[in-house]
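Structures given as structure tokens follow.
Look for subunit A in each of the two complexes below; its partner is subunit B in the first and subunit C in the second.
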Partner chain A sequence: MVKSLKTRRDVLKSGALAGAGLATPVIFTGSSASAFTNEPTGATVTLGFNVPQTGPYADEGADELRAYELAVEHLNGGGDGGMISTFSSKTLDGTGILGKKVEYVTGDTQTKTDAARASARSMIEKDGAIMITGGSSSGPAIAVQALCQEAGVIFMAGLTHSNDTTGKDKKANGFRHFFNGYMSGAALAPVLAARYGADRVAYHLTADYTWGWTQEESIAAATEALGWSTIDKVRTPLASTDFSSYIAPVLNSGADVLILNHYGGNMVNSLTNAVEFGLREKEVNGRAFEIVVPLYSRLMAAGAGENVKGILGSTNWHWSLQDQGSKAFVQSFGTKYGFPPSQAAHTVYCQTLLYADAVNRAGSFNPCAVVEALEGFEFDGLGNGPTLYRAEDHQCFKDVLVVQGKENPENAFDLLEVVEITPVEQVTYDPEHPMFAGGALGECNPGA
Partner chain B sequence: MDAILLQILNGLDKGSAYALIALGLTLIFGTLGVVNFAHGALFMLGAFCAVTLQRILTFSFETVDDSRTDFLGNPLKVETPYVEAWFGPQTGGAIIDWSVPLAILFAIPVMISIGFAMERGLIRHFYKRPHADQILVTFGLAIVLQEIVKYFFGANPIPTPAPESFRGALDFGILLGFDPNVIIYPYWRLVYFLFAMTIIGGVFAFLRYTTFGMVVRAGMADRETVGLLGIDIDRRFTVMFGIAAAVAGLAGVMYTPINAPNYHMGMDFLVLSFVVVVVGGMGSLPGAVLAGFLLGILESFASMNEVKAILPGIDQIIIYLVAIIILLTRPRGLMGRRGVMEE
Partner chain C sequence: MAGLDARDTRFLLIVVALTLFTPILLQPFPESSSLAQFNAGYPDLMQRFAIFGIFAIGFNILFGLTGYLSFGHAAFLGVGSYATVWMFKLLSYNVLPGLILAVITSGLFALLIGYISLRRSGIYFSILTLAFAQMSFNLAYSVLTPITNGETGLQVYTDDPQYLLAEGGLTTTHIFGLAMNKSLVAPVGGWEFTFNVGYYFCAVIAIAAFYLSLRIFRSPFGMMLRAVKSNQQRMSYTGLNTRPYTLAAFVISGMYAGLAGGLMASMDPLAGAERMQWTASGEVVLMTILGGAGTLMGPVLGAGFIKYFENIFSKINDNVLHGWFAFLPDGLEDLLVTIVHPFVGKGWHLTLGLLFMLVVIFLPGGLVEVGQRLRRLFTRRGGTPDAADPRHAPKSAPHVAE
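After this line comes the complex of A and B, so read on.
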């Protein structure tokens, strides 16, 4: 009698291994034929634009999509070329990326983490996207960045301002051109101290999620370093629409500055409520009460109407800048769409060009080669002055704009005026700064 | 003390909105027996009536001003509203400034028509269907309506300020003997509260003192018997649907200066308003109003720092917590009647 070599335990073990193998998503396995995930083999290459097409940030998403389409047009040699002509790196020649015509697919993040991941996954698995870019909120951006790391594709972040995106949640395959909460604080605090005095008492109202927390921490630290004190930090639910019950306690708190760490609809409503409760006419200790909105968006400032006039904040870019890159982009975008681009549009346009250029310089679509090309890359001509893609955390370092709601707008788009361009040295921080510590880039993942 | 008074005042305007929406919901439920999840969308449509009127009043013609340039360096196209051209800048400007109160006149016929169309076109086909079907179809309708609004007006909030003379705030504290600037209440919120009380009083008076209202109340109590007396109760109920839609719409119109309207504002209020109806008691009109104000004020208290220091996050769950407590202790709600939703 021949005794079977397999025991019941062996069978279970091998079954479990086989099951795990089958359960591994197709994007994490790859075939032996390609060296990395979604290696382009034909005459075209596909990029995945993952933006909010529905939900509260849909208008920003729409503007991002316009900029992406413009970038693709320019990469393929169409239009006036936009910022390609002003970009300091000269590898882009209108013949696509590495000679392959650029095509794109779009996904809808709905400004929701799970929806953003699902649409990114679909673009990678079904459409063969080699790179994912987009986002208009930090929650989805961080989630999609982690997915791209696992899947082995590059993620070029869109509008995401949380410190965590290139802080504790940074990933080797992820890159951010947009500025962050720390930079807003570092740029804004000296202007606030100069304008309003160095002994102010601040009260924070903060949207209760990753972006709000890191911005609150950043602004409080930067203002306190200049002599301000923080009397209270109140978290408000993201779903809030009426902030009156949060604004009312500010009146008698002893604070003389209200800092609104709110974005989008939250910002419009909280600012409107604050103005409605007479905070802007109020005097505390003989000084005028002030309101600050650390992260401004022109698209959303429009929603707050008259209430933004005179209010200070920061922004990544503004269409009124007069450098050659900004002028070329505004000309190109404005001619095609009839209105100037938003900062969201600007950052995603830059990200697309930066990715394409990195591939050209690397001579390969391999994510690890692209990572190598982008790390420590110094460039100019994209509207923010000389910029560095820092190798340690994949964050861009460039000048930051301090802006103010314009008192006498000349047209519907003329809502903000630049009051100071804060030099990059003032907003640069150590990669191990406590606000950014706790994560690691890890190794780049080519997927296959 | 001043902080408590301030939060009571704050709760009043939020409570007014809850009460107005819940009143309409209860009217529809009490008359037609339909659970209308599209009611929040009616509130939103009302707000967009104000936006639409504002757009109509600021409808402009273009003139080219060669002395100025636009963002691309081309000659600037200056837009002048027709209203200002016809009536002069001062009168025209005043008409535009008063667009929100004027929108009340615009919204009443529009909202009643929308209410009729909704009831006749869709909801009446679901009278005899289970409540689950009604919820699904009305919720679907709400999504369709908000997507339509988003298509035409975009996703961002649209500023619709109150008239110049109502901007700013009343120093309530001085009236009550407090120091100046301690208890501040914006004028428009006061207007909203008084407006809500007028509408609520009007609806109650209509139901109480008119023959039409008497028939409707009789129909709510016993639809079959009223029908047997030869009264076309269905037609009266359709009118009530129109009135409920108008109430929600007017609540929306007047709310626009408080929160710049966006396509999603109806959904933000809908769930809370349903909780209000349940807490007040299904089918009870005074219950809906009472619970609306009660929950509005409790919500304001819950967002006080002193309260949040003891119970973190209480501001996010207070309404649901109260609903659970009320339903455990008084399953029919504060003023619910026996037999409603209990068959």
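After this line comes the complex of A and C, so read on.
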């Protein structure tokens, strides 16, 4: 006979195990069924600010972060309210978004697509962010936009200037307030032709990724349409810090204009190298050699110092603008941080406000409702004049500024002067323009 | 069990248990507590733990056993990722073909690089592998843009052929219909545990990879590799050709890296060139040394440690710090925030570097040495740690260049 080993203790043990086993399904079915990813259920709502804190665009990232913090402060009723008071839509009243207090998490994209996506994923999965915004580079912005589409959250693009962001890589859950390479070309080319003549020979140095490629394409097309020719287009790695070896061949190439499709730290270094090589004193075919930086920002101008004087470029916004919105923004940013905001700071501040307002107008955090509220939305008072969020590609259409490095700056921030404000009609294009065709928004994805 | 003795079986079972309960173990703090910041039990990070665990286990087969220090292992990781994403683009989102191709291509790639690099040993070998990896990185970054999509990273577009994708089929990565991003969220008390399909998929593969590495460590082949490490010259003098052994170890380790790369792409269908950069190669070296080179568990611990820092410490910003020290008087609060600030957020590298120095100086055997010291402290068995557990302890090996 087999002796039974069941003691009281064994019975208790197996009973506890069985109990745990039975309880398991009950615990698992307890997971809440929400209508969309990260539906905020408490008294707060979390936004994810994903910006480069290291890498060549770290300066822009730091300024973006400042603007985000300011925007959150204003949304929660702190500070002087900034552009909320000048914004044409009046749903923001300082009580957060839909009455929920705004909280935020930050992450470092390292200006790398992999890192940016990892950081965004942790915001969505760990911190429960309902909206991701940021990016100071188009590569990461496009990658994160695709991720947000899959995950079912809204992506409000920060500083991304590639045509592809709202072109072939556009997504239903993604929105861009910033302008793009095509707009830069359309605004800049007429000014360039007027200043430097219609028969110039251009040499492009281009940051080797989506933004550089599309800006190079846009500028070349726009200038060639006005009679310029392009002698060479050279791609430089984004991680480069020394451009001497790329500048040297320009000297004897026969070109008389150098176009630097570089941004951030890249542009600071390449422009400095170009000036060191004496390009600005050089004469080709009896005409002064010119350098053009199609995408300009005050932070870059500050980094490049003396070298930017007289150099033409385009920008999304500049703090010296005198409309009510710009003045209010510069005022509250300056009060908090002691210096004026950059265009990167401006665009992300606008994006945060636009998102908050869209949620308020939609009456829901559901991404699909937000998409509906933003599509075709017309607004004013955010520093760029009347602006349209076009429904076809989720791109904002507004005036573009052509700027020039100031010859005699009055102070450390007074580095750029606005040469021309190009009206929105001149930079508007068809959504099916060859430079933008190939992608599809798809359906909005609420996730869950 | 399965060709292992009792001791190794127990070891394997512990590893399996730890892996399966990771979603619970990494979530020690309730959601509402201020320490929830340090919870790591969310899918993305858990997947990374498993994937980089595989990467480090594979690297350890080469470095830990033969002593050959490869500085270019990230190249195989990248090759695996690209292969997998291409399978997504051409066939469908099922990860299986991608993973198989990732292992095959990285194996072939490793065979090529290993065949050339292994003609030298020591520092020359390291430099050769580094050169090959940087070459691959630059190729992926700019020259081979049509294949790799350069800096933007290779992604799947809706207009890609995807010949096997049925109408209305899954548009996220899956294994025979089971989507990787599917999660079961179980709120228990104040805690919230996330059981994610992708993580368990990676975990099962990681356990298989660990088992395979365990078998290699215990096999005669593993013994030969150790012999290479302790004295390659003596082996040659006895008439043994060591090249086939080292090459086999190199290829196996390259295939592990390719598998890890394929899994990375399977969890998130994007392959960026920067995962082939030399910093990524250096990272796996750090993982292995930090955890304990030549030990079975060490590299996995090291991988987890580094990924934890990268993902958790980098997310602590000034706002969070102010929250922590809010109970202090204002001046003191600001002072503390100023002191801590450089070590968190974007300064996580600094903290990691300091810890790495501490480990290398005070725990030359890596993180596993902590366990050994603790065990020695409690069992008071005396003797060297090697006597307590001769096979799991790192051996003082001559420098690879000698």
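Please note the rule applied: the second predicted complex is superposed on the first by the 416 of 448 C-alpha atoms of A that agree within 3 Å, B and C clash if a C-alpha of one lies under 4 Å from a C-alpha of the other, contacts with A are read in each partner's own complex, and residues count from 1 in each chain.
Please note the rule applied: a residue touches a chain if its C-beta (ideal position, glycine included) is under 8 Å from a C-beta of that chain, and two chains touch if they have at least 3 such contacts.
Owing to the predicted nature of the structure, the values given are computational and were not obtained by experimental measurement.
Once the two complexes are overlaid on the shared chain, A:Gly334 sits against subunit B while remaining clear of subunit C.
Judged by the touch definition given at the top, the superposed model places A:Gly107 against subunit C, while subunit B stays out of reach. Of the two partner chains, neither subunit B nor subunit C is touched by A:Asp80. By the touch criterion defined above, A:Ala146 reaches subunit C but does not reach subunit B.
By the document's definition of touching, neither partner reaches A:Asp380: not subunit B, not subunit C.
Of the two partner chains placed by the overlay, subunit B and subunit C both lie in contact with A:Pro237.
By the touch criterion defined above, A:Glu417 reaches neither subunit B nor subunit C. Of the two partner chains placed by superposition, only subunit C is touched by A:Lys126; subunit B is not. Where the contact sets of subunit A with subunit B and with subunit C meet, they give residues 54, 237. Residues of subunit C that touch subunit A in their complex: 39, 42-45, 48, 138, 141-142, 150-153, 155, 157-159, 172, 181, 184-188, 194, 268, 270, 272, 274-275, 311, 314-315, 317, 319, 345-346.
Of all residues in subunit A, those touching subunit C in their complex are 27-28, 30-32, 53-54, 69, 104-108, 112-115, 117-119, 121-122, 125-126, 138-139, 142-143, 146-147, 150-151, 168, 208-210, 235, 237-238, 438-440, 442. Looking at the complex, you find that subunit A touches subunit B at residues 54-59, 232, 234, 237, 239, 241-242, 244-246, 248-249, 251-252, 265, 268-269, 272-273, 276-278, 281-282, 299-300, 302-307, 319-320, 330-331, 334-335, 339-340, 410-411, 413-414. By the touch criterion given at the top, residues 2-3, 6-7, 10-11, 13-14, 68, 70-72, 76, 150, 154-159, 161, 167-169, 181-182, 184, 186, 188-189, 258-260, 262, 264-265, 268, 299-300, 303-305, 308, 315-316 of subunit B touch subunit A in their complex.
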